[in-house]
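Below, each structure is written out as structure tokens.
After this come two complexes, each holding chain A, first together with chain B and then together with chain C.
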Partner chain A sequence: MSNSDFAVGDMMIVNIGPQHPSTHGVMHFRLHLDGEIIRRVDPEVGYLHRSIEKISERRLYEQVPVYCDRVDYTCAMTAVLGYVLSVESLFEKYELEVPPRAWYIRVIVTELQRLANHLLWLGTFALELGSFTGYMYAFREREKILDLFESVAGERITINYPCIGGFQQDLPEGWVELCRKILSEYPRYLDEIEDLLTLNPILIARCKGIGVLNRQTAIAYGITGPNLRATGVKFDLRREEPWGPYPELDFDIPTREEGDVYARYLVRLAETRQSCRIVLQCLDKLPEGPVLAKLPLKKRDISSEFLKERGIDAHIRTGIPRRLCPSPNETYRRMEGPRGEYGVFIISDGSDKPYRVRYRDNSFSSMSAIGAISKGHKLADFIAIFASLDIVAPGLDR
Partner chain B sequence: MSEVIRQALLDRFPGVTFYEKAIGLVAVVPSDNFRDIAEFCRDDERLACDFLHNYAAADFPPDRMEVFVMLYSYRHGHKFTLKTSVDRAEPKLHSLSAVWPAADWYEREMFDLFGIVFAGHPDLRRLFCPDYWVGYPLRKDYQDLRIVPLPEVMSE
Partner chain C sequence: MESVTPLWHAISPLLNSIGIRVATDSVLGMWITYIVCAGILAFGLSMLVAYSVLLERKVAGFIQERPGPNRAGPWGLLQPIADVAKLLFKEDIIHDAADKPAFKLAPFFAFVGPVMILVAVPFGPGIQMSAYATGLLMVLGFSGLAVIGILTGGYASNSKFSLIGGLRAASQMITYEVPLILAVLAAAMVAGSFELGKIVDWQTGGLMLAFVQPVGFILFLICMIAETNRTPFDIPEGESEITGGYHTEYSGIRFGMFFLGEYTALLSFSALGAVLFLGGWNGPPAIADFTAAKLSFGIVYSGIIWTAIIALMIGTAFFALRQYRRTGEFFGLVIICLAGLVFIGMHVAGSALGGTFLLQWPFVWLCIKIFFLVFVALLFRWTFLRLRVDQLTSFSWKFLFPLAIVNLFVTAILILLFEGK
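== the complex of A and B ==
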């Protein structure tokens, strides 16, 4: 056979995506098949590339979080908080002191986001393996958390709640009790989902021993988060590089040794229980006080040539608004997002706009490794492998 | 911790210089033996950087682009950054995809958005933009020709 769009040598090419019912998100794979066995996977990404990194270079530091929401819209809280932590690390400790209440609320909202993300993942994972009931159950629970977000910031998906220095507004009245009530019921619902899926023979048959990722491959491809912990590495940035009140909180890091699809499923389910524990502890310890730090705003350093060019008199300079202008620096702060290491690399040049921003999302690493993981598996298993890695297209394409 | 990293790198490559910023320790390395240094960072007992966690470039017109390689060691729990500069007129570097497989896609992304050519990369194609795209979007002087500026408002 000759090479064409449908075949390379003896191998047949099957296109999955960009629009396909079993890929939630716009992604395109070209699978090289030998019979039913996958020999090569060629992912084509970029369908959701919006060049958020370029946009961020042209916005003020305070304006960028709106775009961070769109970097990863399934966990917007974490995406924004990662950026905010990076910007805050550009300042000295005494310049920008985030109040303790804000730190606790940060932990609460990011852990709720982890819960919401894992439920979204669980729903789509179940759906792609053919369990519609699991999908409905998971989405029912996720809805409650999105309602909590809505009552706190008025939005459900692109929340834009954290801002540099803390939060624009405090939690609404009665929110803490509502959150505690929802979360104390949560483990019961999780048991229900586990009854439905964990010991389900069909699910086990499709997941056990499929898509095995060994420890060396995972580390070499830079995979982090639950996918890495399912291979037996006990590594969590909440423990290794903690921020805020994480060192005082009591939680476990679930790991599994097998590294297959089933192990990834079990690790994520166990993580939601830990997130619940963390939020409940934070709600108990939540201190009173302000939620927004005083920002070290500066008058921009504007040269007299700049003013002369625009015909502005020098004495009007007092009317120029003060902005957040970190001194020239380079920073990278990483945090444990729901799907692994999320970090934002910022180069500042002393002006009111970041010189370079780079978002690092774990979907990127997982996607680059998908060829190595699924080589030698059957076509039908590819869907299970892809679903279990929790890849989200916007975080990958940015 | 950072003393160990400095010493290990200086023992082998005396030309490396260091500075510290909010990002942590940064080792500035020459671009011609960039790959050797990266390989050394992975294989050396004291460094043992098995995890490439971020790999990014930044454009500094008119003369240079900087490439940052952020490394972490699961064994020792330390991290640092390698930084190198490339000539902006003809940006070229040795590929690290044989050192860390994770570098493969990061390099394709940098080729796509900055136009840095990685010698020895197995499959250097554009990652996000389509193959017919002209220009490198994350360069500072990039202009999308499809964007037509608004006409200036006439006064009087």
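== the complex of A and C ==
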């Protein structure tokens, strides 16, 4: 056993992960412990690399969304939608006109995904702090939203509902009423969860003043989303760079000043209430009409030399299927995903496949900051900090 | 031996009456009685422990509004048997780096300590495995034995998580033993004896010690949960931090010994609490039990107790009904209705038969009280979160310990004042 694997000086090295009950996936931290006090954290990424970015370069524009849901499997709906929005921004407005009903449904599913993700986060956070009941309560609510997803897309977790130009299928019959019923009951059930957790003296003792992320550190590490808003920065891409009907909707952006674990907890819970409000407004305003735009499909640009070399007659070219081929361009389109900025960068070269795709997920930024904010805390606090940052393994590596 | 003698004196005429000739003072007969009693206790205890695991999972389902185990047998009633069989047949893995003798021995210490507590617990008037004059001290000594098992297990596993878990367990159990002993000591001072049977006798026909020693009772409850390593204080095995704590490396029945040892500890500490603070095998007071001079006191006292019992049952029934409405599981409702019927039936039968028959059935009342304390511990477990290790120790040393000392001194002063008269 080499010395460095076991201990450094007086400090013991403890590996949290890659297999550990509270990493929920494959993440790895090497903690340098002085007794129970953390002196250094080395996060290690790379356990869940599936080269989705490279795969995306070898697929047609329409085929890529099937892989996008694995970019972030806890919020597949927004992961797919982020890519779709990015591809759509490669076209001019008149080329690809997404119908208004599709925009509204996009907002609805985005906010439902935010709700589902925050509930998943709440459940695992409660579990990390030792409250199995909080976990069960949160998952009970999440199940209802996954049921809604299942009825629109046929899948619960890795959903492929949004596609370029809108949606392949409209909402099923009776879905709007079901959704309205579930969401109007939601605040009452959330109150139940809050009764259990929010003012629980043990939760407060475990969370207040722990893992304080100050504003400068958060911005320096590029942290966005609820983690940033818990430090007091009122930055939300739904307000800064709104798309679709967001400017018409009435909602608040909850912020807290403290930047500790408790602030992150409160911000996320407040956000679920706002998401609920947004969805209910959208359900009221939902216009009728088609949900899929007419796609600007093109014949692929195959040079006449290419055909002549192979002795193919020009008339056969009409049999080649038409594809989505954006003109050479590059774009970075970002949206407010459940755990912060979710952006997709695409370079198109005029062919039917993207030249380069890059996904940006906030998990990586949060993971980078964990060493800075958990120094000097106890081992148990590290778990609370880690749980409060809402890091998921697939977002780290793609 | 002396404690079995009255039992043998009761059994031998019965045997004689059905034609089996035995002497009332037969030493062999006493020994057989002794062994049979021990066997009944051991078998009953292991069944009780296995079923308390099921109870825990059912209560968890009750609190979390889900059915709980319901696959093995009706309402999952055969689940404990399946669980124990699984634990027995699983491979017992001892990894190469472990300190083998210590690794093998540790689970037995963790299991034996809590079992030995029950030796001194009186299950009824005169029904007690051993009635030592210092029974309480013996019990407290054995309750400390589990620490050795846990610490040894944590050390012998040769794993960092186990080591941290073992060390946490040692510091926690030592920390909470001090206020526990001080709280129990105050109760023993009031009753004037270290013998558990005498402490119950003191409570017979009078106040429960929980009313005389309210602070002591609350201290005992908190320390009991800490001693048995249950949630708010389950830091030694805090799953999300150190995976399983001291039993991370254990599997099969050795893990089962730790696991069942924890539930045994819960049961035996609850039994201790029921004996020390809740009147042991005494039934709840009936007004008929009080003499004319104490009648008004009797009405108030039994009124308080019966109100508490009825309020608890109505409250539980309300949540059981909600569980049924939301999940369709009606096991909770069935249990509540059964408990209600038993209470009413016992009361009716008791008053019809002159307050002596069912109402005075000692073992049932002790079981009900043990169940009540176990239920409280389960409610704690499924409601609270886990404390941090430094918060845990400072809570004990800075709050519980001074409180226990003050309680002890106030009790002593009050005893001096009232005894002096």
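Assume the second predicted complex is superposed on the first by the 384 of 398 C-alpha atoms of A that agree within 3 Å, B and C clash if a C-alpha of one lies under 4 Å from a C-alpha of the other, contacts with A are read in each partner's own complex, and residues count from 1 in each chain.
Throughout what follows, a contact is a pair of C-beta atoms (placed from the backbone, for glycine too) under 8 Å apart; a residue touches a chain by one contact, two chains touch by 3 or more.
Being a predicted model, the structure only gives us computed values, none of them experimental.
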Answer with clash or fit: chain B and chain C placed together on chain A by superposition. fit
Kindly classify A:W121 by the partners it touches after superposition: chain B alone (first), chain C alone (second), both, or neither? neither
Would you sort A:Y137 into first (chain B), second (chain C), both or neither based on which partner it touches? second
Under the stated touch criterion, which partner chain does A:R358 make contact with: chain B (first), chain C (second), both, or neither? first
Answer with first, second, both or neither: which of chain B and chain C does A:S368 touch in the superposed model? first
So, does A:F149 touch the first partner chain B, the second partner chain C, both, or neither? neither
Does the superposition put A:F167 against chain B (first), chain C (second), both, or neither? neither
From the overlay on chain A, compute the angle at chain A's CA centre subtended by chain B and chain C, rounding to the nearest 10 degrees. 130
Given the touch rule stated above, what does A:L203 touch, chain B (first), chain C (second), both, or neither? second
Touching partner for A:L90 - first (chain B), second (chain C), both, neither: first
Please give the least Cα distance, whole angstrom, that chain B and chain C reach in the superposed model. 25
Under the contact rule defined above, give the chain A residues that sit at the interface with chain B and also at the interface with chain C. none
Sort out for me which residues of chain A touch chain C in the complex. 12, 14, 20-22, 36, 126-134, 136-137, 140, 196-197, 200, 202-203, 205-206, 378-381, 383, 387
Across the complex, what residues on chain A touch chain B? 45-46, 49, 51, 53-54, 89-90, 217, 219-222, 224, 233, 235, 240, 329-332, 334, 341, 343, 345, 347, 355-356, 358, 360, 364-365, 367-369, 372, 397
Touching residues on chain C, where the partner in the complex is chain A: 60, 63-66, 160-161, 164, 231-232, 234-235, 238-243, 382-391
Chain B - residues contacting chain A, complex: 21-24, 26, 50-54, 56, 58-59, 68, 70, 74, 77, 81, 100-102, 104-105, 113, 127-130, 137-138, 142
